[in-house]
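Each of the two complexes below includes subunit A, the first together with subunit B, the second together with subunit C.
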Partner chain A sequence: MIEFSMPVLMLLGALVILTLCSAFSVKYRDLGFYGAIAALILASAAVTLLIPALIYYTAFVFAIGILNLVSLKVIKSVIQGVDYGLVALMALVTLYIFTTHNLALILAAFVLVSVPTYILVMVREGGTNVEVGIKYITFMVLATVLFLIGAVTLAYTKNAFNGLLYILGYVMLILGLSIEVGVAPLHEWVPDVFTSADPIPMSIIASLAKIVPFVIALRILISTSNSLTVSVTLFTAVLAAISMFTGNIGALTSKEHARILAYSTVANMGYLLACAVVIIKPEFFYFALTGALLMLFANAVGKIGFFNAIKGEGAFSLTMYLLAFSFIGLPPLIGFWGKLFILFSLVKAEYFWLVALMVLNSAISIPYYLRLARELGVGWKANLTNFICVAVVIITLITFLPDWFFRSMEVIAQAISIAI
Partner chain B sequence: MNEWLIFLLLFLSPVLSSVPIVLAYKSKAWTEKLPYLSVFGIFVSVIMSLYILFVLPENQQFSYPWIPEFGINIVLITDYLSRYMGVITALIAFFIAIYGLDYMKGDYRPSWYWFFFNLFTASMLLVVYSDNLFLLFVGWEGLGAASWGLIGHWFRDDNDISYVGKAGRKVGPLELSWPPSFGGWRAISTIRFGDVPMFLALAAIWALSPTLNISEIEWGTLFETLGAGGTIILLLCLLMGLFTKSAQVPFSEWLMTAMTGPTTVSALLHSATMVAAGAFVFIKLTWYIAPWTLHGVHGLEYVYLLVLFIGLLSGLYGALSGSGMLERKVLLAASTMSSIGLMFAAAAASYWVDVEVGEMHMNFAVLVAFWYMAVHAFAKASLFLVSGHLIHATHSRFLSGGLEFGKKMVPAFIVTIVATTFLVGIPPLTAYWVKSAMDEVMEHLFHEVGYLPLILLVLTSVVYSGIMAKFLALNFIKGEKPHHEHTHGGGLMKVGYSLMVSVLFVLLYIIFTSEEGHEFVAAGSVLKHGTITISFGVGILALLAYMVALYRPQIHALNKLGAFFGDRMYLPFMNDFIIPKIGFFVSHLVQDYGNRGIDGFFNTVTIPGLFGTISKRIRGIQTGYLSRYINIVLGLVMILLVVVAIGGVWL
Partner chain C sequence: MMLLYFLILPLLAAVLAPLLKPKAATHLTVSFFLLPFFAILSCLFYGCAEVHLMTFSAPIGELYLSADFISHAFGLTICIVSAMVGLFALPYMEHRFVEMELSVESEFRKYIFLYDLYAASMLWLVYSGNLILLYIFLEIALITAFLLIYFYGYGNRRWVGQLYLIWSLVAGVLTLAGFLIIGINNDTLALKYIETVGRYAWPFIFVGMVIELPVLGPHVWLPWAHAEAPTPLSALLSPLTVGLAGYVLLRIALIDYSFIVTYRSYIFGYALFSSIYAGFSVFKQTDFKRLLAYSTVSQMGYILAALCLGPFGLVGVVIQYMSHAFGKSILFSSAGGIIAVHHGLRDVRQMGGLHDSIPAISNAAVVGFLNLGGILTVGMLGEFFILRGVVETFGVSTGSLAILLAVIFMFILSVWYGFYTIRKVFYGKPKDTTRKEISRYLYVPLFLIGITSVLLVFPPLSTALIPGLKSVIWPLMGMGGIVP
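Coming up: the complex of A and B.
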């Protein structure tokens, strides 16, 4: 039973605002935009009131959500205004995800983040991109089904332990997650969708939509871990390694920018999946959580910047290079801290071979990121693309010292388990 | 006054005072005036060093954290060696700087010269006063950089007067002639060759000892931890730095061609900085290591034996080489190498000499080495400054000038007489007392090492005395008449070397009045137990050699032997022929086989090809057909689930 406290009411209020504004935005497009922003502000305040330690997480998600909303301004879609509502809904769910311990709500959140992207992926100027939609939705449905069955199975084994069911549930959850976010070798939809969809909706799918699945997966996995976890984790580690290599090597010879970003996503999802192995050492899990979130943010801001640059046919060179450096993992940019914390947690989990492979993969990724920055970088112009790129670069620089974020994650990780 | 302010002024005033001239390098008017500021900067250092000597407490350590986590701190010390060496360095640099105001007038890049000259001085002061080995190394590298800048100062190689060796003279495949740019290169490459092992040695000490402060390292414990082999390797690595810096055999070649730099640089390089730095650091380390108390440590004796003989051999090699040389500065360079060798030898002898002097409990042999360094510094600097003036006056770097010429250059003539006689150990002049003490030190070695050290020392002293007399004779008395004479002016130059040489009298006074001087006076006494002492005998021999060489500065019958000596016994072949050939061989090997293989593997063929192929395969999955993708994904999912299910049941 949900208590109707002040923050919950605020969250509900945000939903109401979102619904109403989206409904009316078909007529008044701007209403959708402002309604979305108002809902985000309200929801951020509510989440911070619920759990004060979440303030930095909230700030990051809020910033990413706002940037996604602003970048949508560039295209005129056929679902005028409703697209803002969809993005805001995803952001809202992403903000909310740490505050609940209810499995049903968490699984609902997974679906809520996933479904809006079905529509967004088809958005393009003056029409709908049905072919992409079909490819994308086919895989998302498969992913959702696998994920949900896996999650429920895992939850079942928590109360009535059954080794076979646990392993099946674990593998299904990981496979569902892999298809959802695009982990190799189940990444086939990623390069196609990334290249044929419009860059702006892609910037949303590649950024905001990735956070919730990972957080949920990590929370379910850590809540249901048992003596068998140490053995099945190897499966995840192998999958992560395959994904890193597939993504990074695939990107090396790709020529289309969107395709490079697609493979870069596959690689980054591999890094993120590696965090899931740290559940075997719960005492160091907060390192993995910090790393995963910083990595997700690094990936999100980087993808937003690069996709907007593709849409705007180039962006200010310096911002492109800084984003590339962040992806490569040069200090003090956010990408570095993400990788550092992930590597650190892997060391603590004693997965040294995965550490070595991840470092090797960072090196392999250097050429294509620099190529991307060189080809997309142009001179300075005062336009929306550059505004967005400067904003994301500011975010990559904000973790000059990530101590504050790390401390807040230490608190969050204390209460990450789900009530099952 | 605050000690920190003193030290800051001491180190920084030479550097900061030469910054304006660097900034004004384009303005001729400013670069003519600003050298005075640079000289003033060194003058400030002189005052500070005197303040440290007379006012600051003795044997005091001044520590300021730098990287305290790693035991690297700015630690300065005012021990006996530092206090005196600091004054010697600053004073000599100051006198030379005064001289330089005249000597470097009209030079084509005064900014370069003054900046590096002052940096040179500051670096040496840092070496002298630091107690922390890392801080010392900073000064040490400063010396290296500044010496490169100064030796190659006339980088255009456009004036024969700055060359070393006769232009065009070939011996075998080698042309024995070196321009300034090459001289600078030979210097930096040789000392870098030694600095790297030295740095490794410092790293090893840092790893093994809780502190890097020379005065606080437990050397005995350190050596015992390392064992005999480790001790030898560590000290040899350390000594590589000192030997290359001090131009001991076989690393002496760079010093000979360092004469391509301006004479002021040669003077500074040879007296109180650079070559002296190596010997000074050895003396300082020896004092704190106190090897005479560590006879139980295995391996240490071999190291000190090595230093003793390298020093003595360098001494003899330098003196003999000098006997065949006809270039003013190169002759002096060879004699310097010889003197520095004797300093190393004397300090190394302390291993076997367990005699303490006075209240400060200074080891006698170490004290002798240090005092010889002091006497040598002022005498040699005077001679270099004179020879610079002679080069200006005659436009020739070769020994030349008869009595007629000498009469026109009276101050230079007198200074040369004083400096040479005071330096070679003629009784009762300054160096005699120190050299006598050195003879006595070598006498101490009879029992453990044998007679050879004393024999080598006496031989060196005699030849050394001869070459100094030769320098005097061939420049002022019996040399050829110079083709060119320009004897006017040079006022500041005369001031410079006159001031310099006068310090020798001060030192003589100190020897007769100070506590440590008593030991020297005792060592130099004519009679002991009713018989004539060895020291006095050596003094008389030096006097005789001096007289003979004055009378017959050149013996034409021995021309061939002289040429052999004058060509430094063909040691240039090692530096310019054998080692480069080995280097080229290795680099060709690396280029032709190593690089091509590595390049092929990493950059052009194997790895790029592999990545290209795999990358194309990965991209080849994307045909664009949904059915294919579904086949792959569903197939994988099904297979995995079946495998897991079977595996799970089986488990």
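Coming up: the complex of A and C.
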């Protein structure tokens, strides 16, 4: 029996506002934008009321969502205003993801974040990009199916333990996640889609859409872990290592900006997948969670900045350099803290070889990020692109010493497991 | 708290100086580095308390500013060198911007921001009482130095900038990995609470910092970076930044000296070899700035050698850092003076007899080499402590005599290449005897650094500094009481 308390009503209210505004936005484009913002504000307030410790997470997601919405202003898409609704829907789901412990809702969230990107990927100035869409959707459907079956199989083994089934479920879940976010060697679609789609929708797919799959995967894996987990995590660790190298080497040898960003995504997803091995030490899981979320935010703001710069044919060079340094992982920018906490958690999980590989990969990623910053950096001009870039740089700087975030994650990690 | 307010000034300079015109910005920078200099001097005599900043969750722990004599000694050096080089940089950078066909006023804003942030982050690094804070400032210094090379360097500056960034970053992350292991083992990274370093963390930190230092082998990046950087940056990079690796090693050694004891003979032998080999390499160089860069590698060998020599050697590390910083900042600045006056002249083969045209810079260079050679300057005390360390560590026997002689040869080599270079560059047959008019900014700061170095040999400065250093190092090395 659901109790309709105030925050729950607000959560639902946000969805209602969003639906109505999206429906009318076909006629009035601006209504979609303002409706999306109103829904985000309402949802953020509701989530914070429901779980006060989530306030910082909410603030980050809110900021990323707003930036994604604002950047959509740059293109005039054929789906007039509905694109705002789709982005806001993804943002809402990302906001809500920690508020439920129900497996069905969590899996629904996975689909809800995935599906809007099918449409967004085809958006471009005055037309649709069907070719890219088909390629992307094919992979995403495969990913979703693998992920859902894997998750359900894992949930089944929790109650009726069966070693073989557990391994099968684990592998399917990881493979599904890998295709969904683009972990090598299942990153086939990433470079193609990143280069041929419009930069603005890509900035959304590369930022907001990555958060939920990881959070869900981590939550399911930690809830279903058992004595076999220690041995199967090696599979994840190897995938993570492959992805880091593939991504960085791919980016080093690419020329096109969007392709560099595609491989940078592959590398970053490798770092993130490494967090999944920490489920073998649940008592230190909050390190991995902090690391993963900070890394996801770092990746998101960096991608928003760079993709907008590609679209706007350059952005203020200082912001480009700061984003590059954040990706490289130089303190005190957010990218550093993400990597630091991931490394902490890996040391705690005693995966020293993975620590060494991750450190090595941070070093080899330097040249291409600098190249990106140099080639995209131009002088200052007061325009929307620069406004977005300054905003993302502020986000990378506010985590100067993110103890507050770490402490809130310690609280969240206590109640992360899913009721199965 | 007083310390905190004075340390904030340099950071404030980074924000305020870009708002002013070049001359005013330079003067602001200089005064905002000199004020902490005098504050630290007063700390030497009257002491100051450490400053609590904030408490982070485990395993990071408390962030605070340490206020012991080791930090003061390094801080003192960084403040005076940064202030004086900042002064020297005014005519030099204006000249460089004109040469690069950039707008002087707007580029100077960018430059002075990076310069102040760079110097301030090094100052904060030596006062950081927490390894993670220390790492943050190490990397801010790295980014700003990289950008300065990248924007205003010579030759293939972009490539050199990246070379420097990659090597230093590899060094940095290896060290960070070591710090993380320390953090996990001790559940804190606050220096005063760390009890063990452990056999896993030490190798990471050691290898990382040996690349940063650097000694022979991983030194490939240094001659490039130091030679192609804009000279005011070289005059901070070589004297201040690389030696900070020695500072990190010193701090870690004071917590746990076992790694050094276990591998003492290997490290010591390597350090001596590196120093002597690099010392001989100086003779082969034709580019004046590259020549100085090789001398840096040689001098850093002193620091690594001193690290192996017990408590006396550790005092030697601190003093050697100061002496090298004073000497090398003077020398790089004098190289910059030659570049500015003689239109980019860097080739030693085309120099000779420069004393006739620029006597003030030539005299400053002599003071610089006196510092490196340890003659009449604070370097003298450094060499004394290193030799005392050799005797205390290896005892007095025929076997140890060979070691002692090798160390003495290392010292002599510095004097040797020093005077060889002076003769080659400033004396001999002059190629151009016309006396050049040069800006006072190009030589007065160098003499001020020289004077500081000489003053540090005599009381009351030396009598405050050296017992102070001993009072920090002796108890940590398990020696009771203060040895005169």
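FYI, the second predicted complex is superposed on the first by the 419 of 420 C-alpha atoms of A that agree within 3 Å, B and C clash if a C-alpha of one lies under 4 Å from a C-alpha of the other, contacts with A are read in each partner's own complex, and residues count from 1 in each chain.
Rule of thumb we're sticking to: a contact is a pair of C-beta atoms (placed from the backbone, for glycine too) under 8 Å apart; a residue touches a chain by one contact, two chains touch by 3 or more.
It should be emphasised that the depicted structure is a prediction, and the values quoted were computed from it without experimental measurement.
In the superposed model, A:Ala298 makes contact with neither subunit B nor subunit C.
Of the two partner chains placed by superposition, A:Ile412 touches none, neither subunit B nor subunit C.
In the superposition on chain A, contact of A:Pro331 is made with subunit C only, not with subunit B. By the touch criterion defined above, A:Thr138 lies against subunit B but remains apart from subunit C after alignment on the C-alpha atoms of chain A. Of the two partner chains, subunit C is the only one touched by A:Ile366; subunit B is not.
In the superposition on chain A, no contact is made by A:Ala237 with either subunit B or subunit C.
In the superposed model, A:Thr253 makes contact with subunit B only, not with subunit C.
Comparing the two interfaces of subunit A, the one with subunit B and the one with subunit C have no residue in common. For subunit C in complex with subunit A, the touching residues are 54, 56-57, 59-60, 63, 132, 135-136, 139-140, 142-143, 147, 158, 162, 165-166, 169-170, 173-174, 176-177, 180-181, 183-184. Subunit A makes touch with subunit B in their complex at residues 134-135, 138-139, 142, 146, 163-164, 167-168, 171-172, 175, 179, 185-186, 188-189, 191-192, 246, 249-254, 259, 263, 364. For subunit A in complex with subunit C, the touching residues are 321, 325, 328-332, 336, 340, 343-344, 347-348, 355-356, 359, 362-363, 366-367, 370, 374, 401, 403, 406-407, 410. Of all the residues in subunit B, the ones that touch subunit A in their complex are 611-612, 614-616, 618-619, 621-622, 624, 626, 628-630, 632-634, 636-637, 640-641, 644-645, 647-649, 651.
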